[in-house]
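Okay, so subunit A shows up in both of these, paired with subunit B first and subunit C after.
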Partner chain A sequence: MDILIYGVINSATLALMALGFTLVYGVSRLPNFAHGALYVLAGYICWLLLNRLGLPYILAIALALALVAVVGGAMYQLILVRIRGMSISEIIASYAIGLAILEGLRWGGLKGGTFTLPSFLDGSVDIAGVSVDFQRILVVVLGALLVGLLYFFVNHTRLGLALKGMAQDERAALTLGIDSDRMAVASMALGSLSAAVAALILLPLGSIVVEAGYHVLIMAVAVCIVGGLGSWTGAILAAFVIGFAQILTTAYLGAHFQVVVAILAIILTLILRPSGLFGKQKELEERV
Partner chain B sequence: MVLAAMLALLLPAGAALAAKPIVLGCPLSTAFLYGWDAERAINLAVEEINAAGGVKVGGEMRPLKVEVIDTRDLEPGVPVSEALMGVEKLILEKHANFIVGGPVRSEAALAAMALLSKHKMVSILTTGALTPKYHAMVGKKPEKFKYLFRISGEAKWMVLGELVPCLSDIGKQFKLDKLFIMVQDVSHARTGGKILKKVMSKKGWKVLADPVVYPTGTTDFSMGLLEAKKKGAQVIIIWMDMPESAILLKQWYDMKVPALPFGTIIAAAEQPGFWKATDGKGEYCLANVVNAGNAPSNATPWTMKFVKAYQKKYGMEPEGYGTSSSYMAVYVLKDAIERAGTINSDKVAAALKKTDLMGVYGRIRFDPKTNQIIPSLDPKEGAVGTVFQWQAGKRVVVFPPKIATGKILLPPWMKQGK
Partner chain C sequence: MAKAHESRRKERLDRGVKVRSDGVYAVASWREMAFLLGPRLLLIAGLLIMPLLLWPVPYWQKVLTIICIYSLLAIGFDFLAHYVGLVSLGGALYIGVGAYIAALLNTEMGLPLWATIPLATVLGGGVCTVLLWPCLPLRGVYFAIVSLMFPLLAARLIEAFDVFGGTDGVMGLDGFPNSWSEMYVLIICLLLALFALRRLVNEDVGLVFRGVKDNDQAVKASGINITTYKALGVFIASSLGCLGGACLAHIYMWAGISQFALDFSIIPIAATVVGGGGTLAGPVIGCLILVPISELLRDFGTLRIAVYALILMAFIVFKSEGLMSYGSRKYNQFEHWVEI
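The block that comes next holds the complex of A and B.
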């Protein structure tokens, strides 16, 4: 039972970490390697607003979410737009921005384990004899809610449908008057917002540390590669595959083997099914 | 007349500042507690010494100068070679006369040994590296490694000399005997965990499983804690120098695991800011900070003097286990240089071997064979450690008994054994 419960929690955690990354790639084919940095940035901004300015928690959360979404949009508008379509340059540029954010935060004093955010709910509950704290239950609930909201947004709003159109066929979308660059800005802002939401739900479980940025990026990339780049369904399924594999590894092989699960999943996917579980990169399949 | 008197008063410090400085090269992982606390403590000692006129080398007063290089060796995934490059840079580019501080990670400190002896560089290891291999290697090749000293504790003494007696006391006092061990996947922690399992089993404790090993950077400890709870653990030994150990304690609190958490090394809980960062969820956690002076106590007359000086300069109590030892290393080096009357490596190393002074954490002497500081449970006899417990927002020293300022308490959701 503990494997089932903590497997679901771990999978929801991974899904939350990866949603923003897969959203941006799915819509604008932009691999946002600053995703992890935006995650840490959101946590740090919220911490600053809460502890330095003394704002109420809910206001600090709202402002942190908005600011990170703006940062994400600005990243595209000011830097990434110039190298649009050049995949390697996009990876290098976005990774460099991420590196600058993370190491800048470290240089600015984000060190040690004392930067933390309060839990939304304290305490724990026994589920079938397994003790689970409320914040972890919230991770699952809010994770599912976020997926639902994003699904609704993409399928039932004007902007969401435009984004979906871009993802399906950019040229056809252009002929219908959808502005490709504006959509890319919107997807980057939305992806950054998702990273920030994940951060503000997950960081109260631990501390805001620079290393989390690198960890989140690796996990997001692993989930997206296994699930198939740009596929939402694939990302959620992959989060569950990797999430449960990690918990099973911890339970039966030892916690220190957990670290290889994500890397192994990437390697196996690239060998056996390079476009991932739900990927549509036929050229990759054909090349292999 | 007044001017002349003022000049005469200022002369020693002024003369020292005009002389060529003695460069202390400090290879430290500055983004982590055991790096930045050491850097702060070294700077504090250097400021005090320079303000008092500097170091007397022969007939000349010379100031100390600190050169720090971030070795990043405590960061996950950073190769040992990075730390070695840092040490070499301090020697070749910064022209360090002595190395004080790290490398901090045991693996990096061990790898740097050959490099330091190649350059005949006197080094005092003050923080991080706890592996017993370090002084064992000095003992094995005393001529080659005669320049290498360690002024902070090491894993073997920490387990056998401090942790085991402290656990035995806890066992007797609260009738507890079931142990669960959680360690980080690094050399000193794995070694410490294995030794502890072996020793405590012999002492009649039930060690419920092999030490559970977590990779550096782990953010979820729930499966391990559930196992500890299921198996009826009464004390959980935690040996981790990563900041994520705070997550472990938060999970322990949220899951109300009925076992006393004892951080043999637990970086997160050592810091004074830990209480606020965890909203008090780390209450009752025991933490070993290796040397006295890293939490307030009256081990020696110098202990609180140091604590207050640190507090005055940095606005908080000494933070982690590399603080008092790094501070003391500068004073010990000053003492050795003054006795040697030179900064020549061979002569300073020989003088260091004869060190015998009452410091922040007790009597400071080095083992003549291994250059390892001589530990003790009595500050009058040797270097004493400190185990404290978080109680109502304060770090209360509970071990060793000679310097204890309070008694160990059990969390309210935990019952005394039968």
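The block that comes next holds the complex of A and C.
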């Protein structure tokens, strides 16, 4: 029972971490390696607003979300747009941005003492004999809610449908008057927003540390690769596969193996089936 | 910029001396020979004299050895990325494997330093090639991501299984006899590797490598096994990295998990982008610029990583040709604006 409940929570955590990454890649084919940095940035901004400016928690959260979305959009508009389509340059440049943000934070902000955000709800509840605190339940609920919202957004709103169109066929979308670059900015803003949402839901469980940025990036990449880059259903399913695999290895082998599982999952998936569980097989683009 | 000069364009013409020294007739005149040899001799002599110039400041001599190690890694990356078409983001794997092999050969089997370094170079190249072999059919982003994961995995596995000294690493290696041998071994290895690779890419095998990069289907259709050639490319590049790693282990007299750290993956890439990809000499120049900058910023802790990440980003976005291509264009050609 332990394993089942913590497996679900862990899977929801992973899904939250990966959602933004898969969103951006799905729409604009941009591997956003600054994803983890945006996650930490959101937590730090929220902490600053809360503790330095003394804003109420709700306001701080809203402002942090908005700011990170703007940062993400600006990152595309100012920098990444110039190297659009050169996938290796995109990886290196976005990774460099992420590195600059993370190490800049380590130097200028996140040092000395621990940085924590208060949890939304205190207390815990017994589910089938396992005590689970409310914040963790909230992770699952909000994770499901976020996936539902994004699903609704993509399938039932104008902007969402435009994004979906871009993802499916960029040229056809262009002929229908959808501005490719503006959509990419929108997707980056949205992806950063969901990274920030994930951060603000997950960070109250622990403290804000720079290493979380790298951890989130690895996890997001693992989930997206295993699920198939750009595939939503795949990403959510992969979050559950990796989530449970991690809990099982932690239970039977030891906590050291958590990240090993994720990295091994990436390597094995790429070797055996680069398009992942649900990606469309594009044999010639992926391997020779 | 494009707006301001809409009715003009830049015309480039080869300099006379460049045209004259293209053929074998260059040997007929000292001026042409000097034109050809100048930049090459500048680099060789510069690197060879550097340790003597830095004699009063031993700290910077150390930095010079680090520059050489990063340069070895960077020319390996450049060769692999721009001549074989495999972008390997995991340079730390090579350094780590080389360091650990040298350390184990030295401490467990008691081999002396002059045997461990060559052995670690060859064995390490082999180990890395075997590890990366299953990933070789992957292309583009997929290979980049998988190669980025390998050093992370290696570090985590050593930590989790607590082998090879676990988090403490392997200690008690022999050091170099003195700092001069340390520097000159690395500088000579670097120069040899640089000029050998430049020669290699212009040989027949280099042609096949470039074929694999530009159009692997055509190479396959010619009855050439591309995986073999990719493996050969990986072997060459990873051997260079392992050589650097083995020297690093002997310099610090220690091999540990931090040799799988991100530094070793990101600085060579940054150096290649700054120096100019596909030029092989460019990455060395990039290292000569970036590593001292990062040393100067050492007092500011991790700010240095942020700074070279920003430099990398600026170059990749605004000056993606790199310094070496820019320099050789200025050296070889006249430029002037013409009205259209």
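Going forward, the second predicted complex is superposed on the first by the 280 of 288 C-alpha atoms of A that agree within 3 Å, B and C clash if a C-alpha of one lies under 4 Å from a C-alpha of the other, contacts with A are read in each partner's own complex, and residues count from 1 in each chain.
Here is the rule we go by: a residue touches a chain if its C-beta (ideal position, glycine included) is under 8 Å from a C-beta of that chain, and two chains touch if they have at least 3 such contacts.
Just so you know, these numbers come straight off a predicted model, no measurement behind them.
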*Who does A:118 touch here: subunit B (first), subunit C (second), both, or neither?*
first
*Given the touch rule stated above, what does A:181 touch, subunit B (first), subunit C (second), both, or neither?*
neither
_Taking the superposition on A as described, I'd like to know which of subunit B and subunit C A:256 touches: first, second, both or neither._
both
*After lining up the shared chain so the two structures overlap, which partner does A:169 touch, if you call subunit B first and subunit C second: first, second, both or neither?*
neither
*Figure out whether A:87 sits in contact with subunit B (first) or subunit C (second), or with both, or with neither.*
second
*Using the superposition on chain A described above, determine whether A:218 touches subunit B (first), subunit C (second), both, or neither.*
second
*Touching A:96, do we find subunit B (first), subunit C (second), both, or neither?*
second
*Figure out whether A:106 sits in contact with subunit B (first) or subunit C (second), or with both, or with neither.*
both
*Both subunit B and subunit C contact which residues of subunit A?*
106, 254, 256, 259
_subunit A-touching residues of subunit C, taken from the complex the two chains share_ = 81, 87, 89, 134-135, 137-142, 144-146, 149-150, 152-153, 156-157, 159-160, 216-217, 220, 226-227, 262, 266, 269-270, 273, 300-303, 305-306, 309-310, 312-313, 316-318, 320
*Give every residue of subunit A touching subunit C within the complex, in rising order.*
31, 79, 82-83, 87-89, 91-93, 95-97, 99-104, 106-108, 218, 221, 225, 254, 256-257, 259-260, 263-264, 266-267, 270-271, 274, 285-288
*Contact set on subunit A toward subunit B in their complex*: 2, 6, 9-10, 13, 106, 111-116, 118-119, 122-124, 130-136, 205-207, 209-212, 215, 247, 250-251, 254-256, 258-259
_With touch defined as at the start, can you tell me which subunit B residues reach subunit A in the complex?_
31-33, 36, 75-76, 185, 212-215, 217-220, 222-224, 226, 229, 243-247, 250-251, 254-257, 267-268, 271, 273-274, 276-279
